[in-house]
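I have a structure I would like to understand better, so I am pasting it below and will then ask my questions one at a time.
Labels run A, B and C following the written order; every chain starts at residue 1.
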């Protein structure tokens, strides 16, 4: 019976192990131990030799800068001969020599690589035998019953513990000192040395170099500053955009952020800022999101200035109070709402001005987005009937909101966002409404030309391609107009009209160069852009409010259910390549920037992109 | 802006062959070694077996067999991947980045061993982890690492863990995988330095018990903490200790603490007071110092992230130092495909603040851990018996057979060895 | 501090003779300690469970594999050398549908070939991994011998600079060991390595793009 002994009395220790206790007799145990020790020795020698040989082999493979592969790839041995051959291309002997050398090089490389591979397995086997034999030896030699440590009394544990504390302290101090010396001088100055300090506003994290001049076309094209992009074409050449995503499963969703107020307006992008508007009958807000993180950088209410009259109009539910898309030039951002409230902010969210342009009399609700020309905000306020004479186009000073010019328009309500084009050196604002397509001079607001071809509720925004302005409405036609005329060009400059089918009502048309696409009640129509000849139609079995976009040659059709149908259009038809669901309904159009697509759903703003592609 | 010609622009239109059919583009099919759930099942089974073998069966042979099986499966068959050690990084990135989905297998590999350690101790290290197994099986002649050196080196896993978390959570690097010494051996292919490190560690592990597990493994550091709170854990004696000192050298990993005489009377009170004062001083101080240092390290680590590297290169180039920066291909690629400067810098700024904050927090936590360790060293717990340090014990089951009580319990014929000894029978 | 708990456990199982043990719970200090440890364990388990659940709830992708986005690749040549495998898992892929079947293939021939024939002196590929086959005048078909390809990307560079880009590098999934972080991706200057769903582990070009 074993009982705990008194700790004070030194425990009596068993004598060193008795050899006789064990399952095998001493002699046989000993012999086995010896044999296994020999095996271990042999295995060790084998492994060592093999290892040495492998190292030499690898040294040969890897000699020189880079490794064997690099040598092979650079073909250093072959280079001088190849150069020599260029000098005398007919030298058959040299050719032969190159071929032989090449053969030899490749053979050598692949043989050594194979040897290294096989040698590795052999070495592993050798090491395994060595370890197994060594462990067996140890096991056989080990006394079956433990022997105590008969050394002197163990060192005072409290003392060694304190020693350890000193060691740990000094080691960490040394480590910390060393680390500090490494990182002491590392600081990043993000300031662009080309821009002086006072220009970049230090108030907030200004990420955009501020400059006084309105950005040039190149700068605009780098961003997505207006509805349907910088040129209003809804075309981007960006090649690295994702083509699959799933909003519900967060697949390829870099972030999604809730948007407080509803709206049908689309996002616009400048640098790392995303601007979006939202409104209810009572509230109107402009949002700025950080493109990287999706965090709301700021939001600002847009209020009607005191003393100005603004009534919340009755609008269709589908249009809402925030249908017009904001516009930005990288320094300032502007937003307009259904009640005629318009305001300008710096991109940092500082309000510059706000005013009310009078509540537009619009049956569905004002939906025309803003666009910018130089330092002017172009506002088209088409309302009521043509004969009421209330429709107008204005250019507001971007800094103050004062009207630079105002031109009355002889048209009825429209929902068309104008585009800015330059044709034969003449800058023009192209508008489209019932009944006229009118071009204005952006500097003065003077009418340049008009064509009488639109009727009814005109909502499809124009496009400019192939030197032609393409316009469409759902009642009369799709038309191509040469924009080089003056006065009434109805009879002279309309190149073609297509009146039979595929006339778009809500969605703007898209021109990819050779073809025009329209979306009508879920059907995609294609027309020859130069003749207007109908090419084909394709039933997508979805409904659309967003304008079709062309992304690096592929059509992106965003349905009201939030499903983006991606495909290629040719002269022969539409080839669907995939569908990507957002998981939310939407009436907004997508915005594109490098590697990312921004989509607004009913309640969230989504940033679509591949994780590694950003 | 993208200046690359749009794809599908064919400089040479593909010919329309009449009599020749185009071959199919061939890409080799996926070679996945086993499916994820199978790995998780094997892991769970191995964990259960390891816990059972070390706690209930108390069988070293069983643990050795299990670790051989694990080494073969998780090591050489799965080529060392998925592994619990590396999973720390995936989990860290997953927690830091909502857009990163951690595969379920990886989540299981991270959580199961930790959860098991909270209940049954580090059975994972004993019989499941291939890294542990390959070192443990090689252990021939363990040398005792002096306490001061041992404690000093045990700081390393925490530094390693903090850096790994910093780099992983920012999405920069997975250093645990990058510098893993044994995965090259498991997959029989690695860069030379990786092989050499692995070989050196293996050679060392013949004489020092599990050098990687004790002095490098960041997951081991986590398991050590978890194991301190475990419900059931292995102890040398099945019942009670007689201080026969037979087990003194039984543990090659320094997990057996000798008895520590307790202080009595006023000495004990003073010691207790001093301990409180020391903790009150050293905890905040250490957290502050290392938090500050961590923040600096974080900022300096920015170029380790590809976006940070790009931004710093762009900056360097703007300041005319581009020639001093070798991988200018990064800039070439950026010009070909990348975003504009503004976006790059904006990204880098966000990244910088993330690095800074994370570095600061991790540094502070490291400081706290260090302070607690120092306090434990300065005021060790008293004990009358040989006790197991459960943070260090890897449940290898070596020590059991050195205890005479255990031999009795197992019914090993002790007659020859114990008879005649004055054991107070 | 620990022995009593396990002692009970072990003792019961081992059926050892009765022995005097310090009875847990008699010392208030011990009681508090045990409570603390139990509490910490509970918190630890709950924390592990919560983070596992949090991460698992996000699980929205199947397992992923590494792949090269051919549109980002700049053919720097690191794929051949940076892979953890002795012979890189990256190899050249050829989309025949995009190929112009040129007689003078800039992916096959040296920049200034002496002759447009298969002689080693004219070939660009350092391992001779591209086969050239006459189809009909003036068209030649090029195909990659995957066993020989080492992923250096020389031919890819040639094809992308002057040709249709029908040759491009892809991670061959039969060889790739799917490292947690791909060693080549760390070295890739163009950030062209992406993780793609294992169900569709290739990023092919042209008409092959739509292939399942």
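In this text, a residue touches a chain if its C-beta (ideal position, glycine included) is under 8 Å from a C-beta of that chain, and two chains touch if they have at least 3 such contacts.
Remember, predicted model here, so these are calculated numbers, not experimental data.
When the interfaces A-C and B-C are ranked by C-beta pairs in contact, the top one is B-C. Averaging Cα coordinates per chain and for the whole protein, the chain whose average falls nearest the overall one is C.
Chain centres here are Cα averages; for chain A and chain B they lie 34 Å apart. Note: centroid distance chain B to chain C, computed from Cα atoms, is 22 Å. Across the assembly, chain C contributes residues 19-20, 58, 60-61, 71-72, 86, 191 that each touch 2 or more other chains. Among the residues of chain B, those touching two or more other chains are numbered 4, 7-8, 98, 101, 189, 240-241, 337, 405, 408. Touching two or more other chains at once are residues 1, 3-4, 117, 239-240, 250, 611 of chain A. Considering their complex, residues 17, 19-20, 58, 60-61, 69, 71-72, 77, 80-81, 86-88, 110, 112, 114-115, 119-121, 126-128, 150, 152, 154, 191, 193-195, 209-210 of chain C touch chain A. Taken in their complex, chain A has these residues touching chain B: 1-5, 7, 11-15, 17-18, 20-21, 58, 62, 117, 120-121, 124, 131, 134-135, 138, 144-149, 154, 157-158, 160-169, 171-172, 175-176, 179-180, 182-184, 186-190, 192-194, 205, 207-209, 218, 221-222, 237-240, 250, 253-255, 271-272, 290-293, 552-553, 593-595, 611, 614.
Contacts from chain B toward chain A in the complex involve residues 1-2, 4, 6-8, 98-101, 137-138, 140-141, 146-152, 155, 159, 185, 188-189, 192, 240-250, 257-261, 289-290, 293, 296-297, 299-300, 302, 311-312, 315, 318-319, 337-343, 345-350, 352, 370, 373-374, 377-378, 380, 384, 401-402, 404-405, 407-408, 413-414, 416-418, 421-425. Those residues of chain A lying in contact with chain C across their complex are 1, 3-4, 66-67, 69-70, 72-75, 81-82, 85-86, 89, 94-95, 98-99, 102-103, 106, 109-110, 113, 116-117, 239-240, 246, 249-251, 577, 610-613. Of all the residues in chain B, the ones that touch chain C in their complex are 4, 7-8, 10-15, 17, 19-20, 22-32, 36, 55-56, 58, 79, 81, 86, 89-91, 94-95, 98, 101-105, 107-108, 110-111, 114-115, 118-119, 173-174, 177-178, 184, 187, 189-191, 226, 229-235, 237-241, 306, 327, 329-330, 332-333, 336-337, 381, 383, 385, 387-388, 390, 405, 408-409.
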